[in-house]
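Both complexes shown next keep chain A, but they swap its partner, so chain B is in the first and chain C is in the second.
Take a look at the complex of A and B:
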């Protein structure tokens, strides 16, 4: 696994974190995010691919420490992005972040693109979410950009980070011919 | 509130903070206002449901008839 790019949100905050011109030389991608937003409202993070707002679908599992649930993108009426999990805001324990790991296999191939997502919140209360999502972008184009933001366009807080890694198939990272 | 986005160009390694256009800001503010309206509506709906369930339970315990609305909260 090789680091492609990483960024940390500065003091001014940011509405989104976008990775563009993603090299097509890897087999899979992993995006690792630690994020917090500056609103008192709770919110979900979302992923958009190649700047598009269509052809997304997903099915998720969620737990909050006392209950669990499952639902689909069509049931909740969200089709313009893929949920990546709950992002903590200012009403949560201070200096704690939500953590996300997204795995995008065969991102440069010619099939529809899938995203496997797992996330957890750090929150010193009885409610802290765990979230697992299977996402689909029904588009055969290679993935060249990824954008992360909150569903309600809240600002990412300072020290939120995002790191994009490339993974090559084959032992020792070599490409299998 | 920040009206900037972070753009990381993976090819060049350059990271930029780009300001949103006026149009993007207007869209964002409208979306946030609608999100707040939706949140208030959801909370009101949840409170109304909780009140109905409490009323239904109290009536069951007291042996009083439930309204159809109250009965619907108990049917799985």
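Take a look at the complex of A and C:
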């Protein structure tokens, strides 16, 4: 696993966190994000790939401290992106950020693109979550850019961070048959 | 972490070709890492169970609990079985899925082995399993199997070592 790029939101905030011109030389990608926004209530965090707004689907599992649930993108009416979990806002405990880990296998290949998502935040209230999501971008194009936003286009708060890593397959430490 | 410093070391990889692959075996696994990660991405000719057997052990030595979200309900269960299988909703099938296995302290002879396994298949479910293999032997081989059909060409299996 090698670090490709990392970014930290400055004092002015940011409407999105973007990785562009992603090198095509790795096997898989993993994206690690810690985020908070500057509006009040928590909002969906969403992922868009290559600037597109179509051909997304997902199926998730969520627990919020008092209940669990599972649903699909079509049922909740979110089809222009993949839900990566909830991003805390100013009504949440101060200095508390939501954390996300995304894994994108074979991102440069010619099959439809899988996005595996794990998300956690702890807020000592029922608006805190553990969230697992199986996402799919039904597009055979290679992934060259990733964009993280809030569903309502809120501003990311200062100190929100995101790091993109490349993972390259290889050999030499085991035999395979 | 400085740019360019690897934390996962690639150990071996396999890309399925043809239409007869039901088993992929990683053997002679180096014991110098702390953990292993096996990433399986792809599909199968039919819907079935994908799983792992460690050191050729087919006994009922694998204890698990799982949570699953299938798009309409959340569920959980526990039991034991004869391999590390996704025995819930996210079976491998004819559409793309990701199956990631993290094997912690795989070479530590003082520990039973803990495996965190996650399956993500957008048209079926997201499943999370924790397994305990009740053996203290170091893991030196991993056999990935499908219990029906065959792995589809282009499916990839990549093994990595994670350094302490």
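Observations
In the analysis below, the second predicted complex is superposed on the first by the 167 of 177 C-alpha atoms of A that agree within 3 Å, B and C clash if a C-alpha of one lies under 4 Å from a C-alpha of the other, contacts with A are read in each partner's own complex, and residues count from 1 in each chain.
Keep this in mind: a contact is a pair of C-beta atoms (placed from the backbone, for glycine too) under 8 Å apart; a residue touches a chain by one contact, two chains touch by 3 or more.
A quick note: this is a predicted structure, and the numbers were derived from the prediction, not measured.
Taken together in the superposed arrangement on chain A, chain B and chain C fit without clashing.
In the superposition on chain A, A:142 makes contact with neither chain B nor chain C. Within the superposed three-chain model, A:134 lies in touch with chain C and out of touch with chain B [touch as defined at top].
Legend: residue contacts after superposition of the two complexes on their common chain; A:32 is shown touching neither chain B nor chain C.
By the touch criterion defined above, A:2 reaches chain C but does not reach chain B.
Of the two partner chains, chain B is the only one touched by A:18; chain C is not. When the shared chain is aligned, chain B comes close enough to touch A:153, but chain C does not. Of the two partner chains, chain C is the only one touched by A:75; chain B is not. Draw one line from the C-alpha centre of chain A to that of chain B and another to that of chain C; the angle between them is 120°, to the nearest 10.
Touched residues of chain A, counted separately for chain B and chain C, are more numerous for C.
Legend: residue contacts after superposition of the two complexes on their common chain; A:120 is shown touching neither chain B nor chain C. Taken over all C-alpha pairs, chain B and chain C come no nearer than 11 Å in the superposed arrangement. Residue overlap on chain A between the chain B contacts of one complex and the chain C contacts of the other covers 4. Remark: chain A residues 4-7, 9-10, 12-23, 38, 41, 149, 151-156, 162, 164 touch chain B in the complex. Contact residues of chain A toward chain C in the complex are 1-4, 27-28, 57-63, 68-72, 75, 103, 105-106, 109, 111-112, 114, 116-118, 132-136, 167-177. Looking at the complex, you find that chain C touches chain A at residues 1-14, 24-30, 33, 39, 41-42, 67-74, 90, 95-98, 100, 118-126, 128, 154, 156-161.
Residues 1-13, 15, 17, 20, 28, 31-32, 35-36, 39 of chain B are the ones that touch chain A when the two sit in their complex.
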